[in-house]
């Protein structure tokens, strides 16, 4: 049994992570932490877990924590995460980090887009990016894995093989993404107050969303291509799910059918990426670690649609998949 | 008082139309028809109208109908509509037609996209297109107005002035639209069964949706520009509202601010198109005849977002606005 | 034109009130206030009202305010309201108060259930309760009207005539109510964070909700009957609407049909209470000032179902109806 | 491995059943049937199961089917089910039947409420009712288990122990239930068309719902008490979940705390019934086999609230729990 701790376990990704880990036959959850000393009991914070886990929140004490766990899932906000990840690693704990702190290729880009100084700059650029379908070898050996952003996962899984195979042009790439409200996290904000966002769809962060450089840099890392994606996220009135509609221009005479062939080849051994002849829907992947992808032709443009659950394949499921890869388990352990 | 009849009054656009007309100080609703002789009483079909209208469904008998009305709102499906519109006009009734039958510029395009022979081909291309902000003069004099499609309205209102002013390139134009489920009409279909489409977003009709040629042809008609929009509609889990996210390439150094200036000038006398410095949301226009529009820069691409209520500005509100224009009333009569 | 001001105009009831008043032919809105000096511009607080009202928030200055208005709609929280209502009245302004401050019959009950000292105790018990269908005469003459609670309206409209006619027993009366989330107001709270309450229904405030004594006391005031309703509210995943399912025991052999007859007689001249032979639904009254009611027999128990829009007939529509009654206008002015 | 077949596998309960069975370590799904020979491929009918199950729909051929399975889950409509269950049993297949055909105690009641002749009358009254928490011994030995109705489960789990312990009165018992729309099944109907039931709550089947006699008869069977529950279901705008608010009268001085004690004792070894000090919500049990229950005092009435997922503890989870009991497995196998 691998002893697992969750740092910052009060949010939506943590509760989904706990649900998966409780089913995982090789995992024992031994610590969950919260930064707020007044955090209520686990059964009040996550009533869905009532009676499921004989454990309660503690505040993070690094030596104690590191003695009780082999692996840490770190669910802290950006910058806060990088302040402790190094200490965990130094104490021999492998880390899967949900924050954006170690996703980018260089500190400059991080500091430009996140507006804070990076607390652990030396590590940036040397951390495995946690999409096993693209970076399996690096993840296997990693002591820290940067769990990917939810939007980038939905864009990178369909785009990366196509750019690597040189089937599509590097520009323009338009990623029009729609996310359920849980993507905004669990902190209250008038924007996510039920009567404000129910029965409404709206765009936000046009030209300014931090997942834009993440998509670009991971494509660069994966296949060397320079891209500048035009990424627009939308707030959709549903709990969970991301649908990304991606508009790309073919090279030569590539069409949607060639795109499907390329994916078919690239993902033939990957269980969590599913090619769909029908158009995909977030409902079909809700609560699962699948990413469904499909392609269509539209007047010379190739229109790609991908669907995943932002809390699972876009966060906690991907994290467990990374965990499985790091330990030589089957990718699906605890999830299928 | 102008006597008004509604042909095909059992659906969602008809009930919204009735709600507006009941408030209209210059209108008396004198006939509502249904093609099904077994249609239940109005208060069962539209329980929201209980006790509001002392009238019930009849089957369309053209001579009787034409004696009792001055204006007909025709809410029949395509092809069915064109079979009766001519007869109504010949009897001296002015018609506002909700179907697609008279929206396009030529019969060939209609028959290609709709897959049926046009029952009233001679009239096609000679009918006013019912966006008063673009075609006010033609609507004023018209005996038939083609009420516009909901998606085209959301695309044409922001795009038409920019193309006319030559601020943006004619290609590529990508229109990524999200609609509430009422856009699918009131006929049952597993796709629109609540548990199928709730908590899910999905694309449909990629490259094949009939509103795509409508957008192109009306732009051509309005400013002579040839465009081939790449249009993708999405089914969004909400009752009503359309949000269109439109990606265009600037000419010269046009940016989002220039776009706002152009709209500001073009729409300065139009009350139902609102320029928004903030990003728009369908909730803000729900139940109203407003179309809110905004623009942003994203890495050289101009991203336009428009929001309207598919049943009001996208259908019944636009129809009443057309009615008002046809009769020399203020555009807002019955609506503000 | 009657000059109207709204005190505390940043919430959901205020925006609905403004929408109705902007349509009202006898009203000019001349002042809107907010207690927070940092309140953004009206078009940011209520983007649905963009370009509709040439007015912005001010802080309440009573002498200035009273010079500019004839009638005040007061949308402040309980206790805060009673601190200013007296001053407005003394300055000759008639007040329609949305708070609970003047709804109850006695100060003791108020202070017990609301846990604060009443700032204007002398007035309590002498204020017209704002359901015109029950207290029209008192409202007509009133200088202050206590606008009713949303849940009490949904219970009192069906119950009051039956208790007055002695058709049902005074105990037990069970009121099981379901409300849309806008009923919780616009202040953020984790409970009303979209992903917490979407796709979920839950009961709250069992045995402790403040609308329980309000129902009891207004029944007592209306027909002298002592009742102790068992009232349970539920949070329902929708923006607006209240459905109350009410379980009562008949006297003698009263059945659902007798109940319908009683209502039919009592409400024959009231346009906003609609008797429905079919079971009612909140959708049918959404955005309207109607309260739909129906009754059924179930094993000797009479089951009553009432539906209203909590923001309209449960708040702002009722307020305008009261305003109309106070000024001798038709109840429906501005609303139908 | 136990070979399992599903008869009538195109609906919502079947897909949830398949998801659980695919995770069950002791189950191999060997047959799924559909009555419609034109049923599309499994991956089109249930796109969420794409690539998960190497099997497709066949039409039921009883000899073939019985050779390939040890246990059948029968998801047919009432009456259709009873026409084949006997044949399956005769061929040595144990059956878990989702229909209402074998739930009641006598044929007369069945025929009165369901309006059809029972095709297998002799078996009625001799079939284990599939709530393991109440009828574990009978289920263990059964060749046919009647899987319970979703509403009855939500009422019986809290009520049965209290009536058995004589803590509450047998009348009146009011069960006010709220269900997600998936409870209506997957057959299209205007009532469940998204724009009809979204953003709306309504009661239906008052005094006439078939789950009413089921509740009564199972209470009679469990503890001999005659009850006549007043049951009112409501359609709630969410995919899944049932919340039942139950109003009972105490015997002696029983209060909510005594109720909790009684449950605590009765359910101390039952993992799927969770006692909640906080009020329950359907969200907390969504996708799980838990039934959460809580109690409160309200003016002498005891108000009980229970929450379960209508498709899991209200259908397919209960079925697998029954399956586990029948085979001597831990109740939770495949589910936790």
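Chains: A, B, C and D, in written order; residue numbering restarts at 1 for each.
Rule of thumb we're sticking to: contacts are C-beta pairs under 8 Å (C-beta built on N, C-alpha and C of every residue); 3 or more make two chains touch, one makes a residue touch a chain.
Please read these numbers as outputs of a predicted model, since none were measured by experiment.
By residue number, the contact pairs of B-C overlap by more than half with those of exactly one pair in C-D, B-D or A-D, and this pair is A-D. The chain with its C-alpha centre at the largest distance from the centre of chain A is C. Spacing of chain A relative to chain B, judged by their CA centroids, is 40 angstrom. The distance from the centre of chain A to the centre of chain C, each centre being the mean of the chain's C-alpha atoms, comes to 46 Å.
Each chain gets a centre from the mean of its Cα atoms; for chain A and chain D, those two points are 36 Å apart. In chain A, the residues that reach two or more other chains under the touch definition are 180, 197-199, 237-240, 280-281, 283-284, 286. If you sketch which chains touch which, every chain touches every other chain without exception. Interface residues of chain A facing chain D in the complex, by the touch rule stated above, are 22-23, 44, 47-48, 50-52, 199, 271, 274, 276, 278, 280-281, 283-288, 292, 336.
Residues 172, 174, 176, 178, 180, 196-204, 206-207, 228, 230-232, 234, 236-241, 243, 245, 247, 279-284, 286, 296-299, 301, 303, 305, 307 of chain D touch chain C in their complex. Of all residues in chain D, those touching chain B in their complex are 12, 180-182, 186, 188-190, 192-195, 197-199, 237-240.
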